[in-house]
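Given below, in the form of structure tokens, are the structures.
Below, chain A partners chain B and then partners chain C, in two separate complexes.
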Partner chain A sequence: MADTPLVNLTIEGRPVSVPAGTSILEAAKTVGVLIPHYCYHPGLPVAGVCRMCLVDVEKAPKLAPACATAVAEGQVVHVHDEKAREARKGVLEMLLINHPLDCPICDQAGECELQDYTYQEGRADSRYREPKRFNPVEDFGGDVMYVPNRCILCTRCVRFMEDVAHDAVLNVSERGDRALIGKFEGKDLTHAWAGNVVDLCPVGALLSKDFLNKARSWELDRTASVCTGCSQGCNIIVETRDNTVVRLRPRSNAAVNEFFMCDHGRLNYRWMNRGDRLESPSILGAAGQQVVDWDVALAGAARVLKGKRILVLASSNLSNEAMFVLSRIAKASGGAGASRMVTGVEAPLPGVEDLALRADRTANGRGAELLGFTRSDAPLSGLAQGDAVIVADHDITPDDAALLAKASAVVLVSTVMPAGLPRADVVLPICNYLEEEGTLTNLRGHVQRFLQARAAPGMARPSWFVLADLANALGERMDVLTAGQVFALLASSHPDFAGLSHEALGLRGRPVAGATAGATS
Partner chain B sequence: MGFPFKPHPRESTVLSKHFGEAEARTLDGWKVRGGYRALEQALGMDPVAIQNIVKESGLRGRGGAGFPTGLKWSFMKLGDGKPHYLCCNADESEPGTFKDREIMRWTPHALIEGCAIAAHAIGAETAYIYIRGEFTEPLEVMERAVAEARNAGVIGPNAMGSGKRVDVWVHKGAGAYICGEETALMNSLEGKRGNPRIKPPFPAAAGLFGMPTTINNVETLAAVPHILVNGGAWYKNMARADNPKSTGTKLWSVCGNVSRPGNYEVQMGFPFREFLYDLCGGPPRGRTFKAVIPGGSSVPIITIAEAEAAFMDYEGMVAVGTMLGSAGCIVMDDAQSIPRQVARLARFYAHESCAQCTQCREGTAWTTKILERIVAGDGTAEDLDTLLDLADNMTGKTICVLSDSCAAPVVSGLQKFPDEFKALITRKTVHTVPAIVA
Partner chain C sequence: MAIGVKVVERPIEETSYVRATLSGMGNTLRHLVRPHKVTTQYPEEREPLSRRWRGTHRMLTTEDGKAKCVACGLCPTVCPANCIKLVPGEDEQGNRYPLVFEIDEFRCIFCGYCQEVCPEEAIHVGRHYENSEYSRDGFVYDLERLTAQTHPVCEMWDPADPRGE
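Up next, the complex of A and B:
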């Protein structure tokens, strides 16, 4: 961009300088002016069909569509003058004449651009006295259903499937006011990334079947987070209602996932609400697991681990912070850390460079490797007779269970009791990733923060907090009160992470030293 | 006037001279009538020289917009290394217009020759003739003529032995009005849904298959051979003395309540009054003219008084508040109800809207519903205000001009004949005069 000449213009009285070729709509964003629009989306080719972004450009004979008009030197653009406002009012009125106005029963209500712009600048009444057009609801396959009566035919969904997913499923069928979004014969929205059409839809026409009638949007609490469905690390917004996760949605990040997330990640949230969580620390006694206080449990764990070579079996979905403390504990004992590979079928989104549902389905495999963990299909193969094992939120296969018989002690640091775990001398309950803060490192080495989205169950504590306490009980000196402090320790001891901090990462993340570039479209 | 009628003595038959002569459809028959002399001459000329002759002639686009043809051709950057394309717009879907059909039915080689000359003049090797889906007979005639011309080597890899490649292909549309819009036509030709594209980029920069493209109407291209043979000055002289901006002859398709409907070829600037009463024979017996839509259904309606004062050229029509358009002249006599006619036109546009732009998709249908309610006697005074406001929202705000075209007859109908609308609303009169065919 450095060699693209800048163009100077005025938008709503504000001076703007943007690279030549920028649209008026994007230029306006740079000075905080939102030009109302429906069909335009920065991740899709320009269609220019909704005619909502018409702006008044001085000396131009007609109103110009801001999304499809490039900036020109000396242009004076009015977004909110009488002429432009009247035009948008006209568009809004026409968009609503055949709209059922069923906001009280529409999932989109509260996050609907038709509502928002009508509230801002639409007519208070309608002059339409004729019968409304009606078309029945249609199942589009996948997680998507279509309510044609609410559709404003912005064609964002059609363009996403055709130009980004490269799987032309949707089209505009019919003409005139009979037009509606149709599916090509024999096709369904089964593409791994098809669910994005629901986010792209500015109104309540395309809805998630999974989220249908689950919550009103204004009841939701939203938290910036990172998807743990695979090693891509798509940025997401976690939406909870009454401490329960009800929906995941993509959060834009040009370096990782542009504007999108796959259906695998989107719908893979039910485990976050599991009811069978470990809620209190316990120690294996004569009468089985005895619930004890945190101090007793930590002292008990230190007692069974002390003096032994410690093997850490840790899920690569744990945060960098937890992994870091675990690696310290293992190293100090002369032991090692290991993690099982979790793989699946890779599913790329062809329209965006380097964006895919990755074959590596763990969120922090790269971070685990950078912190010295080995990843394999038989993570316990290095277990020797008499070693102690820390199982950190890792599942247990029958093979693992057989090997664990060799262990002198098993300490479980986990969100749930893994099925098949033969015994746990001490159980330390931890928060799952939505209940704590931390960072994850994606497959390209992009380190990204996630924030706490819900409260932890029972006595469960953040993983890094529990592990730091355990490390201290084992004689380490880890003086930490926040996840950020753990990360600071990590950054100061691992050159890959040098110079990074929670503050520096912000909500877009930063790459580790020597990382390759991420997604760009 | 074409087959089966003889031309009126006051017509200037250039394009329509051989209408009705079956022999003119064949290659030999066309050559006997002077055909392909212009192409032979053109293939030996520099493209810019051809452009200059057409510029000198003052030929303007006959499809409706009236853009100077030579100037349009000069927008094509010769030698830019890209394939250039010529499109011939034979979609002729404007209601009231049927001139291109006659050109293709009777003088297919005139169009092929015009296409080949124009292709050469813009540096194109390929020309596509996009024919309206409903034109079955013109399609057959054109395909036969193209095959004949290709077999004879008139067009093809070595057109007329010049060593230059000029291919002409005929493509049949599927019958959508909007495919007559130039960028929608290109989309349709590419196999896509016929939706108009946003401009810019203009076709001369990125048109068919993303390459520089020129698109011309059938009548425009058919006039080109005559201009090359007879010279630009000859064509330029066919004009009103006080208006040199409109030149040549123009085919007018006349339909509706006239004694002799049909195609008439007259010089630019012909007095409309004489045209309507002398050439077209005036209104049917016992009736009087009331209104005229002179340029196809997309242009504003004018009263007969305005029409009688008008001259039949681009500027003459603008002077009376309408446009020459495609010269599809729809004439209405006193038996016609203007609200009914306007409602029928609006219904056509609502049916044909491509559904891209909001104002057009919703506006055309809404306008139709209101008008049909008024015609049914359920209108209110507010409806008239709503119609005008809708028309304002539908004008100059969309990708193409289909919604403007729907608004034009509504606004002009309301302005010129307000009493007819008011009478329907107040139910003071009901229009019961039956239409007659003379």
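Up next, the complex of A and C:
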């Protein structure tokens, strides 16, 4: 892009310089002018079918669609003059002719572009007196439901399936005012990335069956986060209502996931709302697990761990911060850290470079490897008689349980009680990743922050906080009060993370030194 | 030590009580003959309420007895007292309906915004003022209670003159 000549033009009285070939719509965005549009989406090919982005270009014979018109030297563009507004008003009136106006029962209400633009510049009433066309609701397979009456035929969904997912399932069936989105014979929206058509749909025509009637968009609290469904680390927005996660949506990040996320990640949120969480620290006594307060539990954990070789069995979904403190504890005792591989079927999104639902289904596998954890199918194989084990939010298979019998002490640092864990001398409850702050490293070495989205249950504390306390109790000094300070310690002691900090990462993330090399995909 | 109070001599017609007493007695006699009643004999007699009276709520129903509410969520959003609890659900036909719809009448400030905002003309404030319960919980009206109310509902505006012109 660097050698493309710049073009100077004026949009709404503001001078703009953009590379030649940019559309007027994109150029307007750079100076903070939003040109209303439906069919245009930066992640899809331009179609120019909705006619909503018509703008008035001086000396042009007629209004030009801003999404499909390239900028030209000296152009003067008016977005909000009488002529353009009148044209858009007409477009909106036509779009609303067959629209049922069932906003009270439509899931899109509150985040609907048709609603927004109609309020902004549409007509207050309709002049259409004839009965509206009606088509029944259709199940598109997968997680997607189609309500044809609400559809404005922007064809974003058709273009996504054809040009990005490379799996043409949708088409525009019928002609004229009978036109609607249809499926090709015998096809269903079962592509691993098909759920994106719900986000792409500017109105309430394509809906998620999972989210249907669950909440209104204006009641949701939104938090920037990172998906933990696989090692791709797609940027997401976590939407919660009354401390319960109801929906995950993609957040755009050109370096990782463009605008999309896969259905696996999208629907992988129920565990975040689990009710059977560990809520208080406890110690194994004569009368079984005894609930104690934090100081007693940490002192108890230090007592059973002290002087032994510590083997850490840590889930590779834990944050870099928690992994780092665990690796310090293990290293100080002469032990090691291990984690089990979790794999699945790889499902790429062909239209976007290097984007896939990865076979490695752990969120921080790369981070774990960088911090010295070994990842294998039998993570406890290095356990020797008399070793102590810290189980950090890791699941326990029958094989693990048999090996754990050799351990002299087991400290469980976990969000839930793993099924099959034979015993735990001390239990320390931690927050899951939505209840704390931290960072994850994706398979290409991109370190990304996630923010706290919900409140922790009971006495559970952030994982890095509990582990730092445990390290202190074991005599490994760590003066940390925030996740950012833990990350600063990590950055200063690991050359891969040198120069990074929570502030530097921001919400787009930064690659570790030597990223992309040695990635396991 | 005299402080020099000045005593004004007034004519006897002004200072006599006889005249005022007779006038008061006359008033009493007039009310005996032609009484002007102020007390309403509640509960046998009731004053008519304004058509715009805003009292405890009522949920209107469709012909088949179901609440008209589609759980759009506008009333809990607009409610300034935060007294409406709504959990949306879906019935067998795939229609939206309220799984839980509760109004805490103690919290309610009877502003009538819920009725004004309702796109389905389902929730209404009522022309009604007699409420009593044995416990505070009784004033959290659930959907069943709201649909069972029979009192007339508030007319926010005159249908013949909606803009109040």
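Here is the rule we go by: the second predicted complex is superposed on the first by the 516 of 521 C-alpha atoms of A that agree within 3 Å, B and C clash if a C-alpha of one lies under 4 Å from a C-alpha of the other, contacts with A are read in each partner's own complex, and residues count from 1 in each chain.
What we mean here is this: a contact is a pair of C-beta atoms (placed from the backbone, for glycine too) under 8 Å apart; a residue touches a chain by one contact, two chains touch by 3 or more.
Everything numeric in this text was worked out from a predicted model, so none of it was measured.
Participant: So, on chain A, is it clash or fit between chain B and chain C?
Facilitator: fit
Participant: Classify the contacts of A:Ala109 with the two partner chains as first (chain B alone), second (chain C alone), both, or neither.
Facilitator: second
Participant: Of the two partner chains, chain B (first) and chain C (second), which one does A:Glu73 touch, if any: first, second, both, or neither?
Facilitator: neither
Participant: In the superposed arrangement, does A:Val137 touch chain B (first), chain C (second), both or neither?
Facilitator: Only chain C is touched by A:Val137; chain B is not.
Participant: Applying the document's definition of touch, where does A:Lys214 land relative to chain B and chain C: first, second, both, or neither?
Facilitator: Only chain C is touched by A:Lys214; chain B is not.
Participant: Is A:Glu353 in contact with chain B, with chain C, with both, or with neither (first, second, both, neither)?
Facilitator: neither
Participant: Using C-alpha centres in the superposed arrangement, which angle lies between chain B and chain C as seen from chain A, in steps of 10 degrees?
Facilitator: Vertex chain A, arms to chain B and chain C: 90 degrees.
Participant: Which chain, chain B or chain C, ends up touching more residues of chain A in the combined arrangement?
Facilitator: B
Participant: Is A:Glu503 in contact with chain B, with chain C, with both, or with neither (first, second, both, neither)?
Facilitator: In the superposed model, A:Glu503 contacts neither chain B nor chain C.
Participant: Determine the nearest approach in Å between the Cα atoms of chain B and those of chain C after overlaying the two structures.
Facilitator: 24
Participant: Enumerate the contact residues on chain B facing chain A in the complex.
Facilitator: Within the complex, chain B touches chain A at residues 176, 193, 198, 350-359, 361-366, 369-370, 373, 382, 386, 389-390, 392-393, 396-399.
Participant: Which positions of chain C touch chain A when the two form their complex?
Facilitator: 70-74, 77, 88-90, 94-96, 119-120
Participant: If we count contacts the way the header does, which residues on chain A are in touch with chain C in the complex?
Facilitator: Against chain C, chain A makes touches at 103-105, 109, 137, 212-216, 218-219.
Participant: In the complex of these two chains, what residues of chain A are touching chain B?
Facilitator: Within the complex, chain A contacts chain B at residues 46-52, 54, 61-63, 65, 68, 87, 90-91, 94-95, 97-98, 127-130, 152-153, 155, 171-172, 174-179.
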